[in-house]
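Going by the order they are written in, the chains are A, B, C, D and E; count residues from 1 in each one.
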Amino acid sequence: MSLLLDLFTIVAVSGGLFFFLAGTVGLLRFPDTLTRLHALTKADNLGLGLIVLGLLPQCPDIVSALKLVAIWALVQLGGATASQLIAEFARRGGGER
Amino acid sequence: MMPYATTPGGWMLVLALMLPVVGMLGIFALGLRHAERIAHATLLAGLAVALAIAVEVGRSGQAVTYLIGGWRPPLGIALQADGLSAVLMVMTSVILCSVGVFARGSFSSPPDGAEVRRPFVFWTLLLGLWSALNTVWLAQDLFSLFVALELLTFSAVPLVCLDGSRDTLRAALRYLLFALAGSVFYLMGTGLIYGAYGTMDIASLHQVARADWATSVALGLMIVGLMAKAALFPLHLWLPPAHAGAPAAASAVLSALVVKAPFILILRLWFDVAPQPLPAAAGAMLAGLGAASILFCSIMALRQARLKLMIAYSTVAQVGYLFLVFPLVMGSAAEMPWDSVGWTGGVLQLVSHAFAKAAMFLAAGLIAEALGHDRIADLGGAAKGVPVTVAAFALAGLSLMGLPPAGGFISKLMLLTAAVETANWWIAATILAGGILAATYVFRVVGSALAQPRAGLVMKAVPLNRELAVLTLALIAVALGFLPLQPLDYLGIGRGGMP
Amino acid sequence: MTPATLYGLCAAALVAIGLFGLILHPSPLRKVISFNLVGSGTFLFFGVAARRGAVAGFLGDPVPQAMVITGIVVAFAATALAVALLLRMLESGAPTVDGPPEQPDDLSP
Amino acid sequence: MSLAVDLVMVLLILTAAVWTILARDRRDAVIAFIVLGLLLSLVWMRLLAVDVALTEAAVGGGATGLVLLRACARLLPVEADGALPGLRLQVAVGVLCAVVGACLAAVILSPPEPAPSLAPAVAAHMEDVGLKNPVTVVLLAYRALDTLLEKVVLVLGLIGVWALAPDLFWGGRPASLRAAVPSGTLTFLARVLPPIGVLIGIYLVWNGADHPGGTFQGGTVLAAMWLLVMMADLGDPPETRALRLRRLVAVGPALFIAVGLAGFGMADGFLSYPPGYAKPIIVAVEVALALSIAVILGLMVAGPAAKEPDQ
Amino acid sequence: MAEFLFAAAAIVLVLTGLGLARMLWGPSPADRMMAAQLLGTGGGAIAVLVAIAGDMTAVLDIALTLALLAAFAAVALTLGEPGSKRRGGEE
């Protein structure tokens, strides 16, 4: 059982790492602000989500598990808002030089 | 040094710290209607506490000590009033009380009780400043002293730009940046000290300090930071516009008291923390910068067209004298510095300058109020309109010049004696040259004030009690001149060996 | 080399970099940011002392940690005050004619 | 392996630091500074100073960044940054800074053996206080005077910020923090996040007695939530003359002083706590302080009064 | 398992650290802010990994604080006068 859970953790966390990689590559390689933003937020929420998911079986107690879920939910909320705001900011031309 | 223990009367030290804070919070929370009353009550109570502490120090012949929360250093924080701190505390409260009387005219609440900005800010920050100064005089912990320095900065900077003009805002910002840079250097030094010794307590450090690289770097950083705060040449650029731009009551406090706090900290680092003997070159360098301050800023003072700027430049010059102490108290004298003429001369210079400079700035404020401007060339008639004030200015000027019978005379004579005894001829020459320069700039003002008024000059009347507050300060500065010309036993109380 | 030493060296570099900006940047806002950089480096020195003092079952010496927290609070207050001051200065009117002499824009120490 | 990770971290920090100084645009510099704050928070975690890491996360990532970005937004139309001065001066100052850095590095490289520490002394007396978080014990018992004075610094800082108001506006509201373009997403965030944030803030304060966390961390989080509400235009900054607000600012320090003075009668003297009651008293003081800190930080960011007080 | 999680944390640090290149390149403040955003999320991920791997649940509170304030900098970025198009600093 524990082995299975460990395997799950490894798979999920590795998946999370992959999405972080994808996010970074997207941030660095995509041609313009909005596509970069798209890549960034999608990838990075999924990345953190998978890592949180993978860590859940390893939690020492239920409070930590709840905190993990809360962290993920907060990043979802914050990340979504932030990308909206950054997009708005970029669209208004606030970022152009 | 003896390990700390709370002494009888130690609780008064806590009062000295907390009274101003309570007054400040009271004004803040209760609104302006009570501001002046709370401030004056606090000032009086604080004066009483300071006097009581000074009496207790003299009576018991030892330092008054208090351990906060009963925790013994290095874990806890000790407050201690020795002879020097007691003198500084009394000096602070007397000057602040005089400023309090003076400021009644310019920072009163309006009759309808509505809150206005200037009195609110002035009284709260004046009390904040006082708690900061008392903490600097009393705290025995390097980190508490950092917090005290920040308290000082946060109270002093907004006072500079109280009138809100662009120039004073600029001066305040420049002052803030210098002060913050100074603080961060000081903090860096304390961090290294903690890393090396695991304590911030001055008495513990005195016992364990090693003459190694880490200690030298730490002390060097701290002293450089404090030099910026004390406006020692060439880090003095912020002071003249800041002190000249503040309202007179605030300038008096800034010049008389605030710049003295970093100097006292340098003095404590030098004699109470640093491993003795210190390299002679370090002392000579501080004194060299002090001498440069004296000469350069006295000449700058001579060239100012406006009275307040002249006084501000003179502050930098007079603070320069304090730094002459270091090479004068070297070698054997550094074991018991308080027993030497040079050390006593330095402390007397600090005290007499505080009273003289407070008197001068307040006098300048009254003169400006009476005449409506402070251009030195057009002061004619001031001696007729505000004779008491001009007399106070002249008396305070005596102290700056170092002429008898003023306090500045005896302090400068002691410094001169020490310079001759230790064969530091260049210091002796600087003291003499500084005196002549000070005489020139003071006489220039007095001469102009004694001149005939221009035709049609209308002067505003100034209340007599404000003039008397100024005169009191000037008379104290003069009265200090009647002290005997020798090390004072009182200043040595609680500093290790008894006299 | 222990991590504490490595971060200590990093702190020294932070101080040097921040000091460079503090002295050279002509604009007050950049000076304030640079001051914060020097402050961060300074706090790290306390962190190094705390980490090296990890004995008696503690992960680190709590005394310097407490000091850093106090220091961060003070640094924030200083930043807020400096920013308020410089905004007010730039938004206030033309320099007064009769005030102290106009200082050059350069506020460097 | 582990040191290699630390090395990466140091490289990232130095990149952010250098960019903070060299970026031409001031807003770029601020963003780099925010990045630096996040990295430093991780460094404090690495140094096992969780209390400090929390403070840095709340202040570096939140409060300071907000203050600086707001300054950028208001500065832009007014004044440009000057460029760095000429190369020769840059080299001279660079050498000076390098010397300072080298001196510091030399100190770091020759640590005392064994490293001094007050940790055993802290541990020896923790029982007397009854709290389990050593940092909180240091802050509120051993070095309570520093903590008290630091709160006074905050109050004075607020007075200093308020003092910058023009006379006409004294007592009025600070300038609005509203974002430039009202945005539905922001409003949504400002409705959803604050309840959670307040909960987390209270949790950090409460938890601080026995675990990492405490007044300042909790207070900063509370302030951040209040600021978020103000930025989303769901509430304007309050009038600075309001006495209720003033009392909120003063309650923390005042209670702290009152408890300290009560020590004269009930315990061993100023800022000592009666045995057995230390923990409830400290928690009460912390709660009041966190409230005051939240209000002070919020008001400091909001700035001096910028409108005439309402009639 | 702990080693794996620590290694994962290190990898997240390297990956999000690479994102800092965007902070240097820009070109717009929006792009630079994205680097900060990525690092904020990455910091949260690192903190949760370290917390679980090192069995230091207190570290979770760091992640919680970072997550709570994740959008804060982005919100602050949008402060300012609407419509002022030319926002570059110095020319």
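By definition in this document, a contact is a pair of C-beta atoms (placed from the backbone, for glycine too) under 8 Å apart; a residue touches a chain by one contact, two chains touch by 3 or more.
Everything numeric here is computed off the predicted structure, so don't read it as measured data.
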item: Intersection of contact partners for subunit C and subunit D; value: B
item: Shortest path length from subunit C to subunit E (each step joins two touching chains); value: 2
item: Subunit A to subunit B, fewest steps along touching chains; value: 2
item: Reference subunit A; chain at largest CA-centroid distance; value: B
item: Dominant chain pairing [most C-beta pairs in contact]; value: C-D
item: Centre distance in Å when subunit B and subunit C are each reduced to the mean of their C-alpha atoms; value: 26
item: Computed distance of Cα centres, subunit E from subunit A, in Å; value: 11
item: CA centroid of subunit A to CA centroid of subunit D, Å; value: 27
item: Whole-Å gap separating subunit A and subunit C, where each centre is the average of the chain's CA atoms; value: 32
item: Shared interface positions of subunit E, touching two or more other chains; value: 26, 29, 33, 35, 61, 64, 68-69, 71-73, 75, 77-78, 80, 82-83, 87-88
item: Overlap residues in subunit D, where contacts from two or more other chains coincide; value: 25-26, 70, 72, 74, 81-83, 104, 111, 115-118, 122, 142-143, 146, 150, 153, 157, 160, 164, 179-181, 183, 186, 189, 193, 196
item: Overlap residues in subunit C, where contacts from two or more other chains coincide; value: 15, 32, 43, 45, 48-49, 52-53, 61, 63, 67, 70, 74, 77-78, 81, 85-86, 88
item: Arrangement of touching chains [line / ring / star / complete / other]; value: other
item: Every chain pair meeting the contact rule; value: A-D, A-E, B-C, B-D, C-D, D-E
item: Subunit E to subunit D touching residues, read off their complex; value: 10, 13-14, 17, 20, 23-24, 26, 29, 32-33, 35-36, 39-40, 43, 46-47, 50, 56, 58-59, 61-62, 64-66, 68-69, 71-73, 75-84, 87-91
item: Residue ranges of subunit B touching subunit C (in the complex, touch as defined); value: 75, 143, 146-147, 150, 153-154, 157-158, 161, 164-174, 176-178, 180-181, 183-184, 187-188, 191-192, 194-195, 198, 228, 235, 237, 240-241, 244-245, 306, 309, 373
item: Touching residues on subunit A, where the partner in the complex is subunit D; value: 70, 74, 77-78, 80-81, 84-85, 88, 92, 94, 97
item: In the complex, subunit D residues that touch subunit E; value: 5, 8-9, 11-12, 15-16, 19, 24-28, 31-32, 34-35, 38-39, 41-42, 45, 50, 53-54, 57-58, 61-62, 65-66, 69-70, 72-74, 76-77, 80-83, 177, 179-181, 183, 186, 189, 193, 196-197, 200, 204, 207, 211-213, 217, 221, 224, 228, 231
item: Residues of subunit A defined as touching subunit E within the complex; value: 6, 9-10, 13-14, 16-17, 20-21, 23-24, 27-28, 33, 36-37, 40-41, 44-45, 47-48, 51-52, 55, 58-61, 63-64, 67-68, 70-72, 74-75, 77-79, 81-83, 85-90, 92-97
